[in-house]
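Okay, here's the structure, questions in a sec.
Chain IDs A, B, C, D, E and F follow the sequence of writing; residue 1 opens each chain.
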Amino acid sequence: MDTTTPPQTALDRGRAIVAEINPGLEAALSERYDGLLPGFAETLVEFAYGRLYAREGLDLKTRQIATVAALTALGGQTGPQLRVNLEHALAAGATRRELLEVILQMSVYGGMPAAINGINAAMQLFEDQDALTA
Amino acid sequence: MDTTTPPQTALDRGRAIVAEINPGLEAALSERYDGLLPGFAETLVEFAYGRLYAREGLDLKTRQIATVAALTALGGQTGPQLRVNLEHALAAGATRRELLEVILQMSVYGGMPAAINGINAAMQLFEDQDALTA
Amino acid sequence: MDTTTPPQTALDRGRAIVAEINPGLEAALSERYDGLLPGFAETLVEFAYGRLYAREGLDLKTRQIATVAALTALGGQTGPQLRVNLEHALAAGATRRELLEVILQMSVYGGMPAAINGINAAMQLFEDQDALTA
Amino acid sequence: MDTTTPPQTALDRGRAIVAEINPGLEAALSERYDGLLPGFAETLVEFAYGRLYAREGLDLKTRQIATVAALTALGGQTGPQLRVNLEHALAAGATRRELLEVILQMSVYGGMPAAINGINAAMQLFEDQDALTA
Amino acid sequence: MDTTTPPQTALDRGRAIVAEINPGLEAALSERYDGLLPGFAETLVEFAYGRLYAREGLDLKTRQIATVAALTALGGQTGPQLRVNLEHALAAGATRRELLEVILQMSVYGGMPAAINGINAAMQLFEDQDALTA
Amino acid sequence: MDTTTPPQTALDRGRAIVAEINPGLEAALSERYDGLLPGFAETLVEFAYGRLYAREGLDLKTRQIATVAALTALGGQTGPQLRVNLEHALAAGATRRELLEVILQMSVYGGMPAAINGINAAMQLFEDQDALTA
């Protein structure tokens, strides 16, 4: 984010981050949601990535590990988002072991069930990834 | 944790971590809780620090940042623990800015109120720390 | 609720509301649950509908929109209840667009994952409804 | 609840339970809330106590211990209710040690912060009770 | 939002809403937070108000009632935000009775403790408001 | 736990409890998780069973009923753990009716959706158990 000509809007900055970790995200969101909820894809990219992930002060890999931690601890319905963010975290340079470690650690804060379900979600993702490359 | 003679029990490993980031913790917990709940301080040090923070695979600073993220997103009654873990994160090498950044990021996952309350808790801690050293 | 001879008990008032928005609800609950948990259907109708939805002071449509908002923000296991209450909200006069709007708004309070999962649940319901009437 | 002439309504059954564990509860609720929210005190006594605690199938002491467990695990804003239900549990025959034990156990399910905050709430109650009888 | 020349950016649209229900909000947020977290006030106004509350499809009063519902059900640390949004809801045309009704209704979804704590928060706000105008 | 030669370590005490209520648990956890997360099975048995369930001061049956209460109230992703702990509670002497009662009671604290989903989970378990023994 130290370019000499920084992107001008939050939406631009968000698109730059998304291009790095999940290039097709905005188009996929737009196709699925914008018909019923105009502007949804832009809203998410602008806010989550342009206004938050694109900020200076913390590197992207640590940001993604923190997100995995939070989604694990929150548990509940955040399963799909945990999976997507595990992929983003790997794309940002985290190792599988680092992700499993941070998930397990959440047993202190979100309880043992939250951690076990997070571990299961990660194991499923890793299996699916390995099946694709086998 | 790369000593040639590793601590043998989870409790020992937990005590080694606690000695690094919050030396008086076990004694303080024991004095406050063990009379009514025998073994409480040992349980916490053994489980949280000996079985989790002491594990290989993820550095202590990132572990503490992840904990700050999770406690922010969970919100609710975790205020006192958020404050303690902000102190632990600083002791493990995180900067104030890194901690504020990860707290703000939680607005995507735990909602804006959770992030704002976390920012307020961090600001209060920093003010209290600065007042002590002024 | 403007009858000249108002229903006398909370259970009666609850049944009057249920008759408006989901006529078969009590019988369905009774058949499924009352064998193992005697009185369950009555308890739910009396409390939720008789003691709360039947109250004066707020119109039924707004009550149902508020319920959709809360179930979205709570997320987690409330998926089946969100679907039922989306149906109740439509029965009480809310439009699909209004429901999608209130669900999306919950991203500020319950986080983006909660909103996205709520939107998905609503879209699934609308598709199922359209398939039935196609 | 095995009387030969059972109370006829859920509200009556709720009042019978409340008379056992917290005689002034309905009047206090009514005075505080019914002016603004007509019928609130009745709603709570009828639903929580008449429709649930008054049921057969589980003894009152175990019910109250279960409530203490749940309020601890939920944490967050349920502090005032945890305190009231700790008093109800003691009134129903639970010992202080039993209550501390069940609170501590919640660290597995609701996380360590939830358990610690629950223990603190119980310790505060016990101190206040002892101060009154000293 | 029926102006002939609609505000062009999400931030502008957010500022237009905030001007209606809480004119000093952005300046207050900026003064408190932007020193440590540059851009925070803009982020909140752009996302919450510009991207969500400013949307068509649902009137502002119902949006604010829905927010009060969600914050009540979520409970926990959202107390300060519940209070602010009760003020916003009143500014958007909701009555005190409507707000108390929607809060009470949340007992079905977020549990009785969440509803009672929400009612207490509303009563405190109303008392404070009445004290100012007495 | 009144043996004359008490197990020496928390891990041993945990194993003794697990042998009573779910003999194959540690081996199953170890086979599934320890390859990726070394020591996970031991961590869970030592902490949850050795440090908590094995404690004096509250009988195992009441401990398991309290766990069922908490998992119901927490809801969300704890479905698999609720099922396992319903089995543990039955193994510790609780009746099906007692478990259904405590789950229903959670409607006051975790909301009606949490209770209904918990009842559904218990009914599914009972059906599966009956199918095996039919």
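Everything that follows uses one rule, which is that contacts are C-beta pairs under 8 Å (C-beta built on N, C-alpha and C of every residue); 3 or more make two chains touch, one makes a residue touch a chain.
Just so you know, these numbers come straight off a predicted model, no measurement behind them.
Taking CA atoms, the transformation carrying chain A onto chain F includes a rotation by 120°, reported to the nearest 5. The most distant chain from chain E, with centres taken as the mean of CA atoms, is F.
In whole angstrom, the spacing between the mean C-alpha positions of chain E and chain F is 41.
Centre-to-centre separation of chain C and chain E, using mean CA positions: 23 Å. In terms of their C-alpha centroids, the spacing between chain A and chain C amounts to 32 Å. In chain C, the residues that touch at least two other chains are 47-48, 52, 55, 71, 73-78, 81, 97, 100-101, 104, 107-114.
Chain-to-chain contact here is organised exhaustively, every possible pair of chains being in touch. Only residues 73, 107-114 of chain A touch chain D when the two sit together in their complex. On chain C, the positions that touch chain D within their shared complex are 10, 39, 43, 46-47, 51-52, 55.
Within the complex, the chain E residues that touch chain C are 47-48, 52-53, 55, 57-58, 62-63, 65-74, 78, 81, 97-98, 100-102, 104-110. Considering their complex, residues 33, 36-37, 40, 44, 47-48, 71, 74-78, 80-81 of chain A touch chain C.
Looking at the complex, you find that chain E touches chain D at residues 75-77, 79, 96-97, 100-101, 104, 111-114, 116-117, 119, 123.
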